[in-house]
Amino acid sequence: MKMKKILVISLLAVFGVYLAEVLFKLDFGRQFFQQGVKDFYLITSPIKLQVANTVTAIVVNFRGFDTLGEVTVLFLATTAMGSILYKGRHQLGERTVLFSGSRIVTTGSRLLFPAIILLGAYVFIHGHLTPGGGFQGGVIIATGFLLMLMAYADYTVSHVVLSVVESLAGITFATIGLLGMLHGGSFLQDFLPNGSLNDLLSGGIIPIIYIAVGFKVGAELTGLIYTALNEKD
Amino acid sequence: MKEILYYTWGAIVSFVVAFSVGITYMGLNRKITARVQNRYGPPWYQNFIDVIKLYSKKTSIHHGVMHHMGPAFIMVTAVVSLLVIPILNGNKFFPNLNFQGDLIFLLYIMVFGPLGMALGAGQTGNPNSAIGVTRGLSQMAGFEIPWVMALVALMIQYKTTSIVDLMNVQVESGRWLMFSSPFAFLAAVMAMLGMFRYAPFDIVGAPQELASGPMSENGGKYLFVMMSAGSVFTFAKLTLYVDIFMGGADNLIILVVKTFTLYLIPMLYGITSPRYRTEQSVRWFWGWPSFFGLLAILQAALF
Amino acid sequence: MNFTLFDLKIVEYSFFITAILVIMIGLYGALVKKSLIKVVIGLSIFDSGINLLLISIGYITSGTAPIFSPALVKDMPLTLENIKKLSEGMVDPVPQALVLTAIVIGFGVTAVALSLVIRLYRHHQTLNIDEIKNLKW
Amino acid sequence: MNMIYILFTLMFGGAILTFLAHKVSGLLRDTLFVLTVLASTVLFYTKIHTGDTVDFSISGLSLQWGINAYGRIFSMIVLGLGVMASFYSVSYMKGKERLGYFYFNFLISLMSMMGILMSHDLVSFFIFWEMMTWSSYFIVIYNGKNVQRSGINYIIFSALGAYAMLMAIVMVYAHTQSLMIPDMMQAFPFFPAAYKIWLPILFLTAFTVKAAMMPLHVWAPDAYADSPMAYTSVFSGALSKMGIYGMIMVFVTMVNYLPDDTWFRETIAWLGAITAIMATLWAIAQDDARKLLAWSSVAQLGYIITGVAVGTPLAMLSALFLSVMHALFKATLFMAVGAIEKQTGTTKFTEVTGLIRKMPWTFISSLLAIIGLAGIPPLGGFVGKWMLYESLINSNHYILVIAIFFASTSAFLYCYKFLFGFFLGQEEKEWEHVKEAPALMVLPMIIMATLLLVFGVFPGIVLKPIDLGMQTLGYSTTAGTFWSMSGLFNEWGNQIMMRPLAYAIGGTFLFFLIILTVKGFKETRYVTTKDISSSGEVPLEHENLTFSEGFYQPFLRAVCPVMKRRMMTYYQGFGQGMEAFFDYLRRVYSGNGQTYAIYVIVFVVILLLFKNSLFG
Amino acid sequence: MVGSPVLFIAVPLLAAFLIPLLGMVWKESIRILPGLVLLYMLVLAITLLEQVMHTGTIVEILAGWKPPWGINLVFSPFTGILATLMILMGFIIWIYSYRFKNVDFEEAKKYFILFMMLVTGSVGIVLTGDIFNQFVFIEITSISAYALTAFYKHRDSAEASFKYLMVGSLSSMFLLLAIILIYSQLGTLNMADIASKAHLMKPEFKILAVIFFIVGLGIEAEIFPLNGWVPDAYAQAPGPVGAAFAGIVVKAGVYALIRIIFTLFDVSGTHQFLIVIGLTTMIISEMAAIRQDRLKRMLAYSSLGQMGLVLVAFGIGTEEGIFAAMFLLINHAIGKSLLFLSGSYLVYNSADKYISETNGMGKFLPVTSFLFALGALAVVGMPPFSGFWGKFFMMSAAAHANMLLIIALILSVSLIELVYYFRVINRIYFYKKESHITPKKPTVNAVIAMATLGVIILIIGFYPDLISGYLHQASQALLDKGKYIQDVLSTGQLLTH
């Protein structure tokens, strides 16, 4: 057992040293490469797309395909979790949280819940303007549900609703991509008017996609939590 | 047609000669053996009497086709090898088939008969006959090795596989091969001991212990043919030895003298020997005789 | 060798050093710890270390967030030159975008891993990784 | 469409149709099977002439099929045996299960053998070679669970050989950019020295496996013994000859160009001789006829290999002639065993005796075949043996000839055992019901046994096509110098005339047979084998006095030192050692996920540590 | 115009999102829809492949941004063939598993979604021209694979899946590290762009990136010390999923590894490394395979060995070698899938899937057994089945490259392979059935799927020219790095509608 520890530590040490040796050749804090894609993104995003948040522009537009994949990964994670923890037809596990929180907790949760949802919605709607976006917003929404689930022993979320939301959001994303293809010739191509920088309605398809993503992530994470919560045999 | 008649006539004559000489030898064998063992023994012509007796006996049973044919098989070996072996130097009187066969053919035809007879013996259903056959075949695998080694040594030394050529070599040089290839001769003689199946190699027939023996199911005409074949074959073998080792013979008298001298070897060795078990005899043949055979081959190959 | 641990560079490279340390800690957890939960946590930490490294690659000394917020662009026309000038002071947005994706993916994997842990516990009634080896050779 | 295509289409289509017909009706299946073989034989001999070729290409590899005179020698064996065995198997296999499967593989193996003979390029040669392997393999394992071990052995060794050949083929291909066998032969003298050594070795590995040469023979006895006898006749008679076919080509086209080919030839020749000796001894020790014949096949192939390796024209002639003869007599014998198995249900000498009067035709054909096998004149076996000895003596292989002679003398032992064990000995009540095998089974045997006799007296019939084939291989004609229609000559000018000798033998035999028969014809009557004078006791009805256990005990005691060691034990030891090693090795898959993860890190670290030497 | 390469990704994703909705309305749709999607993809793939063969590589840009700014999909002869193969295998496996989990709607739904995403992810890995995007697709594939591995509840599948996940997540981490290193040096993620700028990288970065790529992708490509999870995962996954692993997923991993080594960097020694690691993988896994007593584990190890062979063939690096490697790849996909598909019926009703439990199945499941034997013959490389050609081309490529020792090694390993396959065939046909096993008759759709694979094996075996033309173009496409860069960076061809 000791041997294993020593082995692993020495392996990791070698690994770390080699990694560090190479990384230390980088001039930290400066750009390491002559001409990368980031310059193009930084210029095109505000000028052409009218999107203030360059990261969002990259995530949803330039590398939107990645995001589609990412959404798929989440979707698959829920499906996978459902499949892995599936117990059989008409069998739903018991809740692992068996009792509700104290009154303070429940009341506080009930109070906070709409605010959290609202915050989440705000974050994903303003994804292209401020830091944040669909994922972040979705996570916040899921947090709200988590709070409720933890606070109440009998709080339930409808699987059907979650699934419908999830699917619809995903379909929206994919359909927008296909519409872009119909419109401009390439998948996920921007086909809506871009508006002007820092307007809520700017950035073409970015807000729509981010809203879809927000819904999707929210629904999926909620679903994940809910599945994990109903785990007890 | 004439040729065939000529050959047939030759064959019959050589057969008669071989038969009478061979059967006499066998009679003499009995006599000599008896004398050595301090017995009086039968007269030398006893075997003639036996043969005639057997021929005139009525044969009432046989055990089936193979059994019936067995003696004919062994006769084939005796007669055909006699025909292939030149009897006298320069093929006087008995040219027979000397040019049509060679030593290797001879080696194989000599097996033909015993195998056929073995089949006949097998069909009798007598267990002892099968036991005898297995012993005989095993022993054959033993003595054939030095025998072939000796022959191969001669063949490569004189670059021929023909008996006639070997005889001519001796006539021309005036030296018997038993002197120019002594090891080959030694090996061949040792193999001959096995070939004649006299003691110590007589476990095949096992005349004393196996009261029934391989031959015991045969009687009358079958035994007659077998006995005659045995005598003819004895003569044929001896003639072969004389031909290839002792310079052949110019006339029948010399042939008889030479063959009888040669015949004394297995006979006397046999009288004075106890008996080997099968595996012992097999191993014996693969021992010294084969060693001499090897020496003979080396001598032939190197010099 | 231009990596000198006791140089002043160590401060500059603290991001990298931290990231590598986090990676190593995570790996250590994943490779040595017996509890499946700890293994998953280790993997998660490893993931975070990588993300940290990824983010720090895009860092530019005293750079701003790559957001053309109203405050930033309020009194200049959106010309190419202006944007270029602004963008030079911004950190690289690409690693940030990548990290976003990587985090989500890491999350998905962790979720699957945890659900597998639940299944394993159900099946083996233990979380010790050394006892869970029905399948071997 | 070219006739060659039609031939293969016919055989392949016939195989598939036969397979399918199995589901429909047995009669249709049998008819189709026999028809396919017959039709392809007729087609081959009427429509396809020496020198016909077709060219085509697959994936940029240009390939060629055709037939030359050399291939024709072996096609004679393949198709001749094929026809005989097909008739035989229709009757032999009657009532067994999975016949579609059997016939399918039977036809495929016939087809692939023809393919081997007709391939002028290495790829199709290899393909057909492998098809032959697996089709025969599927027949070897036809007999159920007990024969799996032999099947696996067979396939392992065959694959070993085939892979060696594949390696040689790609070496040739890489070097000459051509797959044609003639191209290879032409280019061979200019190959680099290492290739010159390795190519023959690799090819010979492949061929000697099929020809069951010494260190690679261990599959053969079991495989021959365990496949259905109807196929074994082809298996041992024709399929093993494919190895000889290849070996001869290797020796003629490659070994000749080795810088020093003597040691090579000597080694192979000696291996062949040792094979012959050891296999003969093992054959003597067998109690099961199938095993006995199987070992005997190995021994016979040993002679042939020796002849091939010696490689003088006479030796080659003898090897080819022996190949044909071996096909004839070994097929006859296997068929006889099959007939006995069919009629009695066993092939053990210790169980069945005294069949001579119940199965006379089987007996006669096996008698003739045994005489041929033992090499006793005037049958075909003798002719081949004679040429082999003469060639060995003529080419100064003195010790070798002794070895061969020893093997062939010892062969008498098992020859007798075969005949005695089945046909002679006491007739038993147990086997009274046994009848002669059906005509379809007996007829092929009789035909082949007769052919053996004819070829023995007139060896020229067979030697003529062989001579033509050897001319294709670059030998000058041997007709007249080494053989005439019924005479044989050696290099020193000694001769042997088969016809007068055969007449002498036949005449003497008949003469004395007549004497024996005519004299006292009336009073000599048949008595049963129970009616014997065994030490004065007459055995009772239920007493079986046949001697069959430990038949050659004394002899085996004499030779036991050399039989203590079996090649198989070494292979098994090797196999077990390997398996233990594998078992040890596969423990790297420890089953612990964490260990696997550590492997990953170890791998990374190793790569990092050696990055400069690996990717520098 | 049927469509463009992006539809290979977009359509199945759309369908995957749709399935839960449609499933609420019409239960059968969860089975039919993936099939329709896969069929559509197959038609599309074949059409595009035909087109590509004549007009050259299709480069599809996404979101309207040209490379290197946007992500792009490259449908070259090389990637096209692989994608087509994967989709074909996916479709056949879909046919096979059409009745899968017939009674349990929820499970079936998840199975089909995951399976479809497994195929899609693999196709994405092959088609994409962006390393980060490739990473995303690798994750999509992996997560589906984890879930599918753990699909059966009553087996040790979770254990297998957890091992897979552990090693797999390490893989993704290393990939990310490699991507970080590349990005830090070049500021770009597009493969063609990286390839064209690779000389600008500092060598130590390049080597480190290559090492991380080799480790990360090596896990997906199942090279030796990184493949501990493979036998467990293959053996514990449901039969069709095992087939998909062998026929689809591992191909994607090998593709990614090959792409990195052949196109992205010019690091010397990688080819030799491929050969060495391929040989090691092959030898060790075949040695392990021969000692297995469970059917699926044996098949899994055998699959590893075959992939090692493929890597060796790629490592030879000549056009001939790549051609051979592609041939082997296709043969392995078809043959090994057939083995998994038919093999899982042979041991259907046995708990432990011992090889001995296939005894005598030849009598009860004649078709399945026959197809299994066919697959085994093909995988072993017996002529005249498809495997032989691959092996032969591989050998001759190696011989041309003067690697005779490698040929000898491969052949001796093939011998081992032959032994264990024939042992199974023997058992199937000639042993007596074990009494406690009740054979399970394959469903009609399963028979159709397996028979299709069998027919493909025979067709390719007898007529390899059918695919060899494509493969030649594919191998040229892989080797011609300059053309790849040019195709991608000069936008390629914009599809019009």
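The first chain written gets the first letter, and so on, giving A, B, C, D and E; residue counts start at 1 in each chain.
In the analysis below, contacts are C-beta pairs under 8 Å (C-beta built on N, C-alpha and C of every residue); 3 or more make two chains touch, one makes a residue touch a chain.
None of the values given here were measured: they were computed from a predicted structure.
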Components of the interchain contact network lacking chain E: one piece
Shared touching partners of chain A and chain B are D
Which chain pair has the highest count of C-beta pairs that touch? B-D
Among the chains here, which has the CA centroid at the largest distance from chain A's centroid? B
Farthest from chain E in C-alpha centre terms, which chain would that be? B
Averaged over CA atoms, how far is the centre of chain C from the centre of chain E? Could you give it in whole Å? 30
Taking each chain's centre as its mean C-alpha position, how far apart are chain A and chain D in Å? 73
Averaging C-alpha coordinates per chain, one finds the centres of chain B and chain D separated by a number of Å equal to 36
When you check chain E against every other chain, which residues touch at least two of them? 132, 136, 139, 143, 146-147, 150, 153, 158-159, 161-163, 166, 170, 177, 183-184, 187, 189, 208, 231-232, 288, 291
For chain A, what residues touch not just one other chain but two or more? 4, 8, 12, 15, 18-19, 21, 25-26, 31-32, 36-38, 41, 63, 66, 69-70, 73, 76-77, 80-81, 84
At least two other chains touched by the same residue of chain B: list those residues. none
Every touching pair of chains is listed here as A-C, A-D, A-E, B-D, C-D, C-E, D-E
Using the touch rule from the top, collect the residues of chain D that touch chain A in their complex. 598, 601-602, 604-605, 608-609
Of chain E, residues touching chain C in the complex: 132, 136, 139, 142-143, 146-147, 150, 153, 156, 158-163, 165-166, 168-170, 172-173, 176-177, 179-180, 183-184, 187, 189, 231-232, 235-236, 288, 291-292
Chain C-touching residues of chain A, taken from the complex the two chains share: 4-5, 8-9, 12-13, 15-16, 19-21, 23-26, 28-32, 36-39, 41-43, 45-47, 52-55, 57-59, 63, 66-67, 69-70, 73-74, 76-78, 80-81, 84-85, 129-131, 133, 135, 197-198, 224, 227-228, 231, 233
Using the touch definition from the top, list the residues of chain D that touch chain E in their complex. 58-60, 123, 126-128, 130-131, 134, 137, 141-142, 144-145, 147-148, 151-152, 155-156, 159-160, 163-164, 166-167, 169-171, 173-175, 579, 581-583, 585-586, 588-591, 593-597, 599-604, 607-608, 611-612, 614-616
Contacting residues of chain D [partner chain C, same complex]: 586-587, 589-594, 597-598, 601
